[in-house]
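Following are the structures in question.
Both complexes shown next keep subunit A, but they swap its partner, so subunit B is in the first and subunit C is in the second.
Let's turn to the complex of A and B:
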């Protein structure tokens, strides 16, 4: 456990040291990067050891006021430490060139960045209510300050407000969960919650699922994500989307491990929520024009896949199919790690685009692969990974979830249809993700630039490129080294299973087979490429794109992202609305006309129109209590105390 | 394994001439003589001799498109039992690998089309992406059905010859075969989804995406297209034919292929291409058929 505290000290130092070097921006950023890297490496060392030891490391200490805090790192906690300690240093490295132009203000960013990282590590290790709540709130609040870093802008403040609202509403439900669990079990330790009666365990789990779901971004609690990510800086988005939303998943996993709610009901809840979250997340992503908003909706989609995996695992556990349980849990957990890697890579790619072309509106981009080939290639790799395509890492975890879903066939009819829903929604998500990322890669990086800025975009800074290359290599590495990472996820899934389950031989070979098949495919590709090279006759000629006889095409005539996605989004119309504003063409000599289209998130609309409005109407009625007269406030306090005293006396 | 490799190579070599069957049937029904049987081979040889022309708008992604497309379908064929014979490679879960590999191929074909900066190719790419997502749902429904009837998670266990008798009952089999045939038409851009013989202004999906490819790249795309057709035709033949492992299987397989390729020609001769807005309904119909096949299997086992 000492190693863990050493890692945390390094990371806290990364937040404090920059304040000593306010004069020299280089030294300031450098110190933060180096200390975060040191903390990350130490933390990874600790997590690796914690995964392999039989007795989980634990620590207890007293806070001022006599509060006892208990920490324990079992295989699940250690596994969730991996993305934290992997992504934070890489994101810090990326920030070295990303925050170049910020001056001394960057120090504040580093402080909250390090606090967020440390808080997440503490969340994962906390083993009682006290420690968990402190870490959780520290995490929410430090990330809130990271979201509003650009507080001069109205949108940033609005994004921060929405984020805080969801974070605290979610926290409220989590506190209710804790209160209920404490009331039923009479103890602050997580471990003692297991002694509650079955009904209470189910209720507590469902409450925890809702509370943690708002952090993770399950639909309909996802609406903060598409606001918060575009407002935050790219390395912060990488950490928040790649790692922080996984803390919500961690909460679900932890509570499942403790409570083990009996019966298949909770599993079905997770599978159906995961299916809806996954499919709607990617459909909403398709309709976006802002690159970071689009990526934020993809985080929603991937949370859906993870929840699907966990749900399949729970269904297997509840119906006595240990293999299905193992595959579902291992797939869901491995997807946590995979998503952390490729989503932070994609957010970093978006940051490079933003720095280079000064916009995130994909309709004004294009042709960036020629301007920033390395960033573009890394983004392409991340896109393939997030679509779950071999030979990248996304495929490995989705493969496990699929395998788990296919195991569900043997069960009863109701459960079979749940498993079927999981498999079909995974297939639909996969297809839609391909559509969405061909749109992003095709419109942003390929073709011709659609604006002057995109035409002259400079390549990203060296540290930014280095960070992206690291992550892209990691994505490919997990895809080709599948057996080891599947073994890792199986170890992490250990505490979730009722009995230790060995992988049956055919699936154990499958782990090696998918890695071999992926490598074999790359080899085949190389052979074909060499073959084409040998067959080549002369130098390839260069020409313009064939315009069907039209000789002066302009970049603005290219297919836009909106038009690419319009048919697909239109297909899901009952759930997603495309709003079109067209000024129309009037008169014999029509003046300038305009056309705009954007996708509306029905859930967000519903929350704004029904929930927010009714809450406002209700609270408006008691608003007269708040009038700003301090004398009357003192009178409130006086009468409250008087009332309490009277109540005590009677 | 050597035998499987030889069978696969033979099937691959025959893929262009099989595709010519469809053309012949169409020509016969229209009262024409039709192209020569060796036309497709001559086309390949001609394209391979040519020097490619690349648009100045394109990047390496455009050149990767045909390569990845061909490599994915080649790799996919290696996992598919042909004429009920075990495939070259097989492992538990290869169904997911194979269809995700084809997804990778689709990703690159669509990206290559967008790389040309042509609005026309963008249109085709968008349609390919939409219809691909829908077709994938049917494919996985059929795979789930096969898992229900055969167990396991590999194409070899689903499709290779067995002596255990048919795994699926007749009604489910008919529905599954029709659903798969509709997917074959969709995935290979045939009528009524797309018309492979149209060019330029009339073309809709596949042909429009490859407008800018030339020379060896176009040869790879053409070959990839024939192999993809072979993949789906073999898939259907494997499900529909009661292969028993004897030498008669090959005859049955060839007969099945003749029926399927001829059937494509027949469909193309007697139906018109759908309006684009009707195509999603067509694909969803195939999904519904596969779903009903699953219900049949559950309610009437054996």
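Let's turn to the complex of A and C:
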């Protein structure tokens, strides 16, 4: 456990040191990067050791006021430490060039960045209510400050407000969960919650699912994500989307491991939520114009996949199919790690685009592969990974979830329908994700630049490129080393399973087959590339493409992202509203006309229109209480005190 | 000595009645000085009072703060803002006196109900302190000017001080309480001073009613 605290100290130092070097921006950023890297490496070392030891490391210490905090790192905790300590240093490295132009204010960013990292590590390791709540709130608040880093902008403040609202509403439900669990079990330790009666355990789990779901971004609690991520800086988005929302998943996993709610009800809740979250997330992503908003919706989608995996695992456990449980849990957990890697990679790619072309609007970009080849290639790698295509890591975890689902279809008659629904929604999600990233890569990186800024976009800074290459290599590495990482995920899923379940031989060989096929595919690609270089030496032939008969084509005539996605999004119209403003074309010599379309998130609209409006109407009725007269405010205090006194006396 | 204490307590009741009935600010300040003085010397006059050097020294400090410094500060503040004469009540003067009498009655009632839970102390001490607290609140609630809120706060503090005397058999703990309250008071008065200054600058008046236009 000392190693863990050493890592945390390094990371806290990364937040404090920049304040000593406010004069020298380079020294400031450098100190933060180096300390975060040191903390990350130490933390990874600790997590690796904690995964392999039989007795989980634990620590207890007392807070002032006599509160006892218990920390324990079992395989699940250690597994969740991996993305934290992997992504944080890489994101810090990325920030070295990303925050170059910020001046001394970057120090504040580094402080909250390090606090967020440390708080997440503490969340994962906390084993009682006290420690967990402190770490959880620290995490929420430090990330709130990261979201409003650009507090001069109105959108940033609004995004921060929405984020705070959702984070604290979720925290409130989590507190209610804890209160209920404490009331029923009479103990602050997580481990003792297991002794509660079955009904209470189900209730506590459902409450925890809602509370943690708000952090994870399950639909309908996802609306903060598409606001917060475009507002935050890219390395922050990478950490928040890649790692922080996984803390919500961690909460669900932890509570499942403790409570083991009986019956298939909870599992079906997770599968249903996962399917809705995944499909709607990706459909909403398709309709976005802002690159970071689009990626935020993809985070929602991937949370859906993870929740689906967990749901399949729980269903397997509830219906007595240990193999299905193993595959579901291992797939879901491995997808946590995978998503952390490729989503942070994609957010960093979006950040490079933003720094280069000064916009995130997809319709104004284009042709960036020529301007920033390395960033573009890394983004492409991340896109392939997020679509779940081999040889990248997304495929491995989704393969596990699929296998779990098919186990359910094949073996469990009672739950066949649920398992089948899970498999089908996974397939739909995968297909739509491919369409979405075809759109992104095609419109942003291929074709011709659609704006002047995109035409002259400089390549990303060296550290930004290095960070992206690191992550892309990691994505590829997990794809190539599938058997080892599946074994890792199986070890992490250990505490979730009632009995240790061995992997059956066919699946074990399948893991090796995945790795071999991925390696073979890469080899083939390399041979083809080399052959092309040898045979077609010299420059490729240049000629005009078919321009649809236009005599002088302009970049504006290119297929736009919206038109690419319109057909698919239109199919899901009941769930996604497309709003079009078209001025129309009138007369033989039409004047300037305009067309604008944007998709509306039905859930967000619903929250705003029904929930927020009714609450406002209700609170509007008691608004006269706030009138601005100090005398009456004092009267409120006086009569409240008097009332309390009388209440005590009676 | 007990007689002196009784006389002091009677004077405190009188100051409460006068304070709530006062219609001029200067009058109110004088009443505050009077009340502050009485309240400061009361602990020495009680039977259980500490009459050694420490006790007397503490009395001297209190006397300076409550009887001299605070009233002078108020006096200076009123002089500084030119058009400060009347206290401008929300509740009329007759109704204020009536409320003061009701308050004294209520204080007696509360004291009787609380008596079983309290350490034994001088007979009228608790009602006096409750009445003073109530009067402080009344001044804060029922007067328009911001400066009367400060005065109300000071009177509230006097009441808390009296309660402290009543509650504390041990004089040291009472002093601890008093210093805590004094610090509180300092912060409170400073904040109020700043607010008065700001209101005055913004609206050319110290009428807190104007603040109503600032609500969202």
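Definition applied: the second predicted complex is superposed on the first by the 610 of 650 C-alpha atoms of A that agree within 3 Å, B and C clash if a C-alpha of one lies under 4 Å from a C-alpha of the other, contacts with A are read in each partner's own complex, and residues count from 1 in each chain.
Everything that follows uses one rule, which is that a contact is a pair of C-beta atoms (placed from the backbone, for glycine too) under 8 Å apart; a residue touches a chain by one contact, two chains touch by 3 or more.
All of these numbers come straight from a predicted model, not from anything done at the bench.
Colleague: Under the stated touch criterion, which partner chain does A:446 make contact with: subunit B (first), subunit C (second), both, or neither?
Modeller: In the superposed model, A:446 contacts subunit B only, not subunit C.
Colleague: Considering only touches as defined above, state whether A:555 meets subunit B (first), subunit C (second), both or neither.
Modeller: After superposing on A, A:555 lies in contact with subunit B but is clear of subunit C.
Colleague: Which chain makes contact with more of the residues of subunit A, subunit B or else subunit C?
Modeller: B
Colleague: Thinking of the overlay built on chain A, is A:406 touched by subunit B (first), by subunit C (second), by both, or by neither?
Modeller: first
Colleague: Of the partners subunit B and subunit C, which touch A:23 in the superposed model: first, second, both, neither?
Modeller: neither
Colleague: Who does A:154 touch here: subunit B (first), subunit C (second), both, or neither?
Modeller: After superposition on chain A, A:154 lies in contact with neither partner.
Colleague: Return first, second, both or neither, reflecting whether A:586 touches subunit B, subunit C, both chains, or no partner chain.
Modeller: neither
Colleague: Intersection of subunit A residues contacting subunit B with those contacting subunit C?
Modeller: On subunit A, no residue contacts both subunit B in one structure and subunit C in the other.
Colleague: Taking the touch rule as given, give the residues of subunit A at its contact with subunit B in the complex, in rising order.
Modeller: Going by the criterion above, the answer is residues 366-367, 369-370, 373, 376, 380, 384, 387-390, 395, 398-399, 402-403, 406, 409, 413, 416, 420, 423-424, 426-428, 430-432, 434-435, 437-439, 441-443, 445-448, 506-507, 509-510, 513-514, 517, 520-521, 524-525, 528-529, 532, 535-548, 553, 555, 557-559, 563-568, 571.
Colleague: Quick one: in the complex, what on subunit B touches subunit A?
Modeller: 48-59, 61-62, 67-68, 70-72, 74-75, 89, 91-94, 96-97, 100-101, 103-104, 106-107, 110-111, 113-123, 125-127, 129-130, 132-137, 139-141, 144, 147-148, 153, 200-201, 211-212, 215-217, 220, 280, 294, 298
Colleague: Given the complex with subunit C, which residues does subunit A contribute to the contact?
Modeller: Against subunit C, subunit A makes touches at 626-632, 634-635, 638, 645, 649.
Colleague: Please give the residue numbers of subunit C that touch subunit A in the complex, ascending.
Modeller: Touching subunit A from subunit C are residues 90, 110, 113-114, 137, 140-144, 146, 149, 208-209, 211-215.
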